[in-house]
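Both of the next two complexes hold chain A, though its partner changes from chain B to chain C.
This part shows the complex of A and B:
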């Protein structure tokens, strides 16, 4: 099974949609420092109000997480996972693969894990590339705090991929699956930072899995394992649950 | 039915809502034979083969493949079976070699075994020169060769082929029929050869089942059926059976 998972990951990595996602992330990495060279005054004021100060690193992290990576996490998981198994069924690949000794739920789980692994590869790749590029381009950039803050976000991206796959498992129509995935993930990500804007709602927003991925934004100066581990653990469990739910959805699907 | 039967089907029925795709079909395929499965498009051949592999659930009836019950031991059946569907697409971004390795991993075969079988099949189907080219640009005939190679990768004991000669040129067709004879004769593989190309069935099969409008209209030895219906060729036999049903 490990060998099959590895081959499936490589196959997913070679797909055109993966290259499209990679190109989008590359654009995000390269463009954000350029956009941040002259941030609008109202953005700086808003960040100063929400986060207590408007230092350049906090401003950068807000822009990177909310305006770049959160948008990516609303879109890329849908591209990678909203059609898993459905695309194979629609184009006719599944009529061959479904006859192999692998049940449909297991095949779904295989494809979902590969999509997550590809999402993780792209996410980590973007952060590592960013680490090098931002160190040179962003004033006051702090590499360790950047990596620490982006680690829970990686888990949020993986959850978003599993969630998108789970929708595919139940909706069973590629177009509808993509639209629902985009709408729901867009909504969750749109509301993910609301706890920073409205501190009174902070606890309530923790039920939003995507908020867990951005929690580090409120505590960039003192990030430690006890800040990072709980959201990562919660997102891991939610990801596993999403794959299990999606796999249950394809149980009776025919090739 | 005896245990020498590789496939045993009894009262097999499949309904899709109001439409009956397969209606109470009963037949048996002997171990190591090349069995012809004939009928026009929509007669129920594909649905029957799909039911044997658990790709679509049975509405009623029973079926056993190599003694294993369809529906209860589906994964075990698939482990020992090879299947080439009539309509399929190969993963466009993979190469034939990558695809065969992928299929081998689906069977859980050891890596070195998959590598050796892949190379042997690539040579057998004259695909070595194209083994590392993306499947995206493959012709119908080459796609069909890769399709056949994947069906043989697990060295199946039962091979279910749905219209396998479609898309093959005359030479490729001749080679495939020869390969199927060889598999049955030398390795004891049971082949179910579903086709509406009657000359292929006649060239390959001693026994056949004929489906017409979801029902089994004939089953048995080709020569016996021909004599029974006063037919000289397979074409004559098929037409006689279909006309008799229509009357």
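This part shows the complex of A and C:
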């Protein structure tokens, strides 16, 4: 099973769409410092007001999460995961797979974990590349705070992938699954930072998994395990629940 | 005569099988999204609304609401159309249906026109429904001296619907050569995102547009809000004018499909 998982991960990693996802992330890494070369005064004032403290690093982290990584998480998980098992069924491979000693829910879980691993590889790759590039290009860049702040975001990206897979498990139509995934993830990500804009809603927005991925933005100066562990744990549990729900959805799928 | 009649029957048959549920649901969700955004934004602190005014060079609550609404009028028709096109062309090839269909005595360009026409039409109706919702929902927020109007909001929504259709039509020659629906979805998403980049630049690097007001008006989204009176008539006109462009690109894509290995 572990061998099969590894081979499936490698096969997904080699797909053309994965390479295009990587190219999009590379473009994001290269373009953000250019975007932040001369921020206008009203943007700096707004960032200072929303996050309680200003400075170039806070502005950089806001733009990196809101403009680059959140947009990527709105699209890439859907592309990676909203067709799993459905594609095999539609191209007629599922009947062959059904004859193997591997139940449909287990096969779904295997494919979903592969998609999550590819999403995690892309996400971590972008942060590591950014770590090197931003250190040289972004004034006031703090590598450790950057990595710490992006760790919950990685868990949010993995949850988004599991969520897209779960939609596929229940909707059972590739086009509808992708559309629902795009609309719901777009909505969740669009609302993910709303607690910073309207502090009265801060606690309410914690029900949004995507808000958990961006929580670190509010406390960049003193990030520690107490700030990072709870959202990561919550997102891990939600991811497992999403895979379990998706696996239950494919239980009765006909080849 | 017989051939014309059978072709008409074929076009009707394809239209009958075109996806219907997704455009209806997308129109409803788009309309509800517009209302939901209004309900949220009016409860934002004045400071956050002022930031949006400064970032997009706007004046008044109605214009801030409208700039967000326009995104729904761009998103809904584009992705409903894209999902339909992927199902009709790329998925059909993946599943081996296209090869079987093209083995029938029917030209690739006719098959493409029959399948794509209803999908683009449904996407146009979805966008028009969201644009109407935008125009109507902005009415309670209008104040004397506002830079926007209900007609301008409707026109802006229709313009973005026309733009979404144009992008879909431009994508067609590429889609007929693709073999992986999710690779095509990613390419389509990229094509949707690219025109929004000049607007993002406007927020964080307004200096890029210093001294080039015409360029700023030509390539950024808030232009539809700044030129409200023009948007009121450019939008409907754009929706009419995009139809021949779509027909042209369906034809080009048909020629590409005829020269492509459908396996």
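Rule of thumb we're sticking to: the second predicted complex is superposed on the first by the 251 of 255 C-alpha atoms of A that agree within 3 Å, B and C clash if a C-alpha of one lies under 4 Å from a C-alpha of the other, contacts with A are read in each partner's own complex, and residues count from 1 in each chain.
Everything that follows uses one rule, which is that a residue touches a chain if its C-beta (ideal position, glycine included) is under 8 Å from a C-beta of that chain, and two chains touch if they have at least 3 such contacts.
Note that this is a predicted model, so its numbers are computed, not measured.
Look at A:40: by the touch rule set out above, it reaches chain C but stays clear of chain B. By the touch criterion defined above, A:83 lies against chain C but remains apart from chain B after alignment on the C-alpha atoms of chain A.
In the superposed model, more residues of chain A are touched by C than by the other of chain B and chain C. Once chain A of one complex is fitted onto chain A of the other, the partner contacts of A:49 are limited to chain C, with no touch recorded for chain B. In the superposition on chain A, A:95 makes contact with chain B only, not with chain C.
By the touch criterion defined above, A:24 lies against chain C but remains apart from chain B after alignment on the C-alpha atoms of chain A. In the superposition on chain A, A:222 contacts neither chain B nor chain C. Of the two partner chains, chain B and chain C are each touched by A:16.
Residues 15-16, 91-92 of chain A contact both chain B in one complex and chain C in the other. Considering their complex, residues 19, 21-22, 26, 29, 33, 40, 43-45, 47-48, 51, 54-55, 75, 79-80, 83-84, 86-87, 91, 94-96, 180-183, 185-187, 189-190, 193, 200-201, 203-207 of chain C touch chain A. Across the complex, chain C is touched by residues 15-17, 20-21, 24, 34-40, 42-43, 46, 49-50, 63, 67, 71, 75-76, 78-80, 82-83, 87, 90-92, 174-176, 178-179, 182-183, 186-187, 194, 197-198 of chain A. The touching residues of chain B, counted against chain A in their complex, run 53, 55-56, 75-76, 78-79, 81, 83-85, 87-91, 93-94, 98, 101-103, 105-108, 111, 147, 150.
In the complex of the two chains, the chain A residues touching chain B come out as 1, 3-4, 7-8, 10-11, 14-16, 91-93, 95-103, 254-255.
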